[in-house]
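You will see two complexes here that share chain A, one where it goes with chain B and one where it goes with chain C.
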Partner chain A sequence: MSATVAPALDVRGVVKGFGAVRAVDGVSLAVRSGEVLGVVGPNGAGKSTLVNIISGLVKADAGEIAYRGVPIHRLSPDEVARLGVARTFQIVKPLRDLSVIENVMVGALFGRRQCRSTREARRIAEEALAQVQLGHRAEAECRKISTGETKKLDLARALAMDPDVLLLDEPLAGVGARESQTLIELIVGLAKSGKAILLVEHVVRVVWTISDRVAVLHHGAKIAEGPPKEVAADDQVMAAYLGERYIREVLQRPADDAEPGVSSDGDGGP
Partner chain B sequence: MESFQFVVNGLMLGGIYAIVGAGFALVYGVMNVLNVAHGSFIMIGAYLTYWTVTLLGVDPFVTLPASAVALFAFGYLVQRTVISRVLHASIFMTFILTFGLDMFLINAGLVAWGGSYRAVRPSYADDVLIMGGLTIPYVRLVVLVAVVAVIALLLLFMSKTRLGIAIKATALEREAAQLAGVDVKQIDAITFGLSAALAGVAGGLLAVVLPFGPFMGVPLTGKAFTVAVLGGLGSMTGALYGGFVLAFAEIGGVIALGGEWADGIAFIILLVVLVLRPRGLLGKEFFAEVKV
Partner chain C sequence: MLEARLSSFLREGQRLQVSAAAVGAVALAVVLLLLPNWLSGYWLRITTSVLMFATLAQAWNIITGFTGYPAFGNTAFFGVGAYALAILVTKAGLGIPAAIVLAGLAAAAFCAVIGLPILRLQGHYFAIATLALSLFVREAAANLGWLTNGAIGIVLPTLASGSPEEITRPYYYLMLLVLVACCACTWWVSVSRFGYGLRSIKADEDAAACFGINTTLSKLVAWVLSAFFTGLAGAVWALWITFIDPQSAFNLAIAVKFSVMALLGGLGTVAGPVLGALLVEVLTQAIWGAFYAVHLAVLGLAIMLIVLLMPGGLMQLLRDRLATAKRLLATPSAKESWR
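Take a look at the complex of A and B:
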C-alpha cells in the first residue's frame, strides 16, 4: 500500500479509560489530505482526550493510530510532532516569558521543518503570524496578549511546524466574531492546500459549514459520522444523544456566541 | 582604595556565584530537580584545573574549556543513567538521590586526592596591576574577565542558538515544548550537562583565588540554592543577578561583622528572602512548583 492511498490520519478502535470513566470508547476515524473532519459532542464526550491520544500526550489503553500508513501510537509527543502532526490547545499554554514570534519560532525550529538557524525560523514564524493575522503583535510579550490572540498564536506555532495533519481543539473558543471569521477562512484554505484537518469545535454551526464530514462523539463513543447534512438530518441520533435542547441552543446559535474562555473540561492532560 | 577593592572582589565573587547559581537554576527550571551534588561538580572542576595545571604546566585559564567539556559529558551521563529515573518521583527522591551522589563524589575526591587543601598558583600569582594609584592583583582581573566572558557566552547561547531556545522552551512549558517537537528527554540531559559544565568552570576559577579540598562544594551548594532563590528559583537570568547580590552582601557582611560570618550570611539571606519575598527578587514563587 503506498502512502498516497493511506489516509493522512487513521485512528482505529482507540480506547482510553480514566478510572471508571471511559473517556474514549473504541473510536475509529480517518482524515484524508485536503479534508476537514469535524468532531463534535457535548462537554466530556472525549474530544480533547482523543486529540491528546493522537498527539501522543496520552497513551491509549487500546487501538492503533497511523500517520500516512505509519503507526504512531507508540511514539512520544515530540516524535509525532516531528513527523508532521501538529495540534493546538483548547486552553493554550504559551511560553510566557518569550515574545509572540519566539513562541512561533519554537515550532519552526523543532517541528517537521527542523530549521537549522534561528534566522530562518524567524522568517517562517513571520509568515505563520501573517497567516493568522497576528503579524502586528510579533514582538509583544506573550503574557500581554488577549485570549483570542493566544489562540491565533497557538495556531501560528502549529503552522510553523509545517504539518500534514492539524489537530485543532476548539480553535474558536474565546475568539471574537471577526477574528473567528479570519480563522475559519484560514482553516478552509489550509485544507484546500492539502492539509488533513481534524477540527474539534463547540461552535457547531461552524463545524457544519466548513467540514467535509462530521463525527459525533458521545460518552467517548462515535455515534454518527457522515457529511454534515446527513448527520444533521439524523434527528433521531441528534435528539437521542445530544438532547433536543442541545440542538436548539447550540446548533442553531450564531457563531459569534462562542463561550469565551468557558470550558469545564480540562485540557492538555495532567 | 578600599571601596575599589570591595567592588573588584564583589564583581569577581559575584560572577562566580552567578555562574554557579545559573547552572543550579537551569536544572531546577527544566526538570524540577534540586541538585544537592552541584557543589561537588564545582569541586571536580577545581581538581581538574589543578591537575591539568600541575601535570601539563599550562595556564589555569586555558584549562577551563577542557574541564567544561569533561563536566558536560559527566553531567550528561549522570542525568541519562541516574537522574532521569527520578524525574517523575517526588522532590524528596531527587534530594535523596543527589545527596547520595554528593556523598559519593566527596568521598571519591578524598580517596583520590586526600583531604589536604590545595591551591592553583599561576606564574603571575603575585603580580599586580597598577592603574592610577589603584593596585589590582593580576589574577583577580583575569578571573573577572573570564567570568564576564562565561556569562556573556551563556546569555548568547540561551537566546541565539537552537539548543538554548529548546532549553528555555522546556523550562517554561515542558508539554508545549514537547508538542512543538522538542525532544525534552534529550534536553534534560543536555541541561544537566550544561549545568555541570558551568559548575566546572566556576570550580576552576575558584581554585585560582582560594585554597580548596574535597569538601569545598558543601557550602557552595547552599550558596547556589540561595542565589537561585534570590533570583526566583528556576530563572536563570534571575540567578545571574542573585549571584552578585549574594557576593556583595557577603563581602559587606565580612567587613562589618568579621570573617567568621562569611558562610553564615548566605543562610541569613536565604531565610530573609524566603520569609519576606518567596518569589525571589524577580522570579516566581518556588514552592508552588514543588511536587511532593
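Take a look at the complex of A and C:
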C-alpha cells in the first residue's frame, strides 16, 4: 500500500449510533481515483447509513472523512456535493413535477459544475441521459417512468454533477437484466475514466464482477476487505454473511468467467 | 428527410405559439390599461380587488407553489406593508412612491429576520408557525401605540377626489403595477436556475441538498420575495382603504381567500393564481347577487365542487385539454409526412 497521493475518498473510524444500536461502528475505507470499491453486507449492516454520512445527510458521532485530503465531515450535503461528491439513492426520489431531463438538469445546475445557464445545463443533461441510454425518455414526466428508468435517471443526474467521487447506493435494484448490463458497463467505464466509485449493492455477483476491492460490513463494522477473490475465499466471512450455498452455486462460477471485468491491481488488501 | 420535415413543422408551430403569446400579451396590456375608462366605480373597485388578491395569491405561489412551504401567515407581511406605509406617510411625511417601495422592503426585511428560524420547520408545523406569526404581529400592532396608534388605527390621506371612478383609478393602476411586477418575478422563478432549486426543494428537500442546492438560502430568498410583493400589495391596499387598524390589516380571512385562489388556479404555474383570483372574485360577486342570504354557503359549496372536480387547478385542466388537442392535431400531419 504505497499511497503517495491522498485517496479521492478517505473514511476513518466513522461511528454512528441510533439509540442503543450502533449502525456504523468504526468503519474505515479508502477509495482511489479510477477504482470501484464494492461494499456488501446483509440488511441493516450500515451500508446506506455510511453513504448518508459521507454525503453529509447524517452527521457521524465520531470519525473523519476526507475528500482529496480535505476534511468534509462537518460540511452540509450541498457543500459536499459542490466539491465533487455525488450520490444516488437506494429508493430514488425523482423530483416530481419535473420532466426526466429537468431532473438531470438540476444536477448540472447545482453540482460541481454550478452551471449558470439552463440552456447549457440542458445540453449537459442530454449527454448524461445518453450515457445511461435514457435519451429517448428525456421529455417524459418522471412519475410515468419505470423503476429501472428511475435508477438510470438518478445515475444520470449524479453524472451531470461532474463528480470525482460517486456514491452508488444499490444502482441496480429493480433494474432488468439487459439494462443492468448497460449500467455495469457504464460504471466500469466511469472508473476507467478516473472516477472513484463506492458501490453499495445487493446483487452480490455484480459487486464481485466489477469491484477492484470489496469491503464486507456486518452490524456496522467492517469484517473483511480486499480483492474480490480473496474476500470470497475467506470461508468464514462468506459463509456467515452470504450463505455457503450462495458461494457454491453463484459466486464461484461467475468469478471465473468474469475475469476481464475484474481489475488486476487489487492492492490495498488486508 | 422525414425528421427534417417533422422538425421544421414543429419549429413552425413553436414560432406560431410564441407570436400568439406576444400578441396576446400586448392585447391584454392594452385592455388592462384602458379598462378604468369602461368600468363603473363599483366594477372598478371589484377589479382592483381582483388585482390585489391576484398579487397575494401569486406571491404565496412563490413560497408555497414552487417551494412547497405553506405560508398561510403571509398576512403578517400584508399587515407589515400596510403599517409601514401608513407610518412612513403620516409620521415620516414620505412621498407615496418611496413609501410604497420602502413598505415592501420592510416586509421583506421582517421576513428575512423571522424566516431563518421558522423555515427550519416543515409541513403542518411550518404552516402553524406562520399563522402564529401573523397573530403575534397583530398583537404587536395593537400594543405599540406610540408607533401604530394601537387599536385606534391610522387614517391616511386620499390620492384623488371626484367621481367614484376617479377616486379608485390611481389604486387600480398601482395594484396593476404591483401585480405585473409580481408576475414577472414568478415567471423568472419558473424558468431560472433559482426556480429549479425551489422545485427540487418542494419535491424532496434532503435529495435537493445532495444535488448541491443550498436549501436554507433558497427557501429564505423565496419567502423574502413572497413577503416583498405581499408587503407592496398591503401598502397599496392601505392607501386605497385610507384607514387601517390591527383587525383589518392582519385579517386571516385574507389568507383563506388568496390560498383558495392559488389552489383553484394551479400552484406552481404563473397564470394559475391570477386566473384563480379572477374566478373566485367573479363567483363571489355572482353568488352574492343571486343568493343574498346564503351566499357564503353557496360559495363554499362551489369551491368544494371545483376542488373535487379539478384537483390540479385550472391550469392543469387547461394543460390536459391542450395536450389532447395537440395529439388530435398532430396525428393527421404525421401521417401526411409518411407519404
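The working rule: the second predicted complex is superposed on the first by the 235 of 270 C-alpha atoms of A that agree within 3 Å, B and C clash if a C-alpha of one lies under 4 Å from a C-alpha of the other, contacts with A are read in each partner's own complex, and residues count from 1 in each chain.
What we mean here is this: a residue touches a chain if its C-beta (ideal position, glycine included) is under 8 Å from a C-beta of that chain, and two chains touch if they have at least 3 such contacts.
None of the values given here were measured: they were computed from a predicted structure.
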With the two structures overlaid on chain A, would chain B and chain C clash, or do they fit side by side?
clash
Which of the two partners, first being chain B and second being chain C, lies in contact with A:Asp25: first, second, both, or neither?
neither
For A:Asp169, is the partner it touches chain B (first), chain C (second), both, or none of the two (neither)?
neither
Between chain B and chain C, whom does A:Val106 touch in the aligned arrangement: first, second, both, or neither?
both
Looking at the overlay, does A:Leu57 come into contact with chain B only (first), chain C only (second), both, or neither?
both
Quick check for you: in the superposed arrangement, does A:Arg116 touch first (chain B), second (chain C), both or neither?
both
If you lay the two complexes on top of each other, which residues of chain A touch chain B in one and chain C in the other?
55, 57, 76-78, 81-82, 86-87, 89, 93-98, 102, 105-107, 109-112, 114-118, 157, 161
Can you list the chain A residues touching chain B in their complex?
55, 57, 76-78, 81-82, 86-87, 89, 93-98, 102, 105-107, 109-112, 114-118, 157, 161, 268-269
Chain C residues within the chain A interface of the complex
191-193, 196-197, 199-200, 202-204, 206-215, 268
Of all residues in chain B, which touch chain A in the complex?
160-162, 165-166, 168-169, 172-173, 175-185
For chain A, which residues are in contact with chain C within the complex?
55-57, 76-78, 81-82, 86-87, 89, 93-98, 102, 105-107, 109-112, 114-118, 121, 157, 161
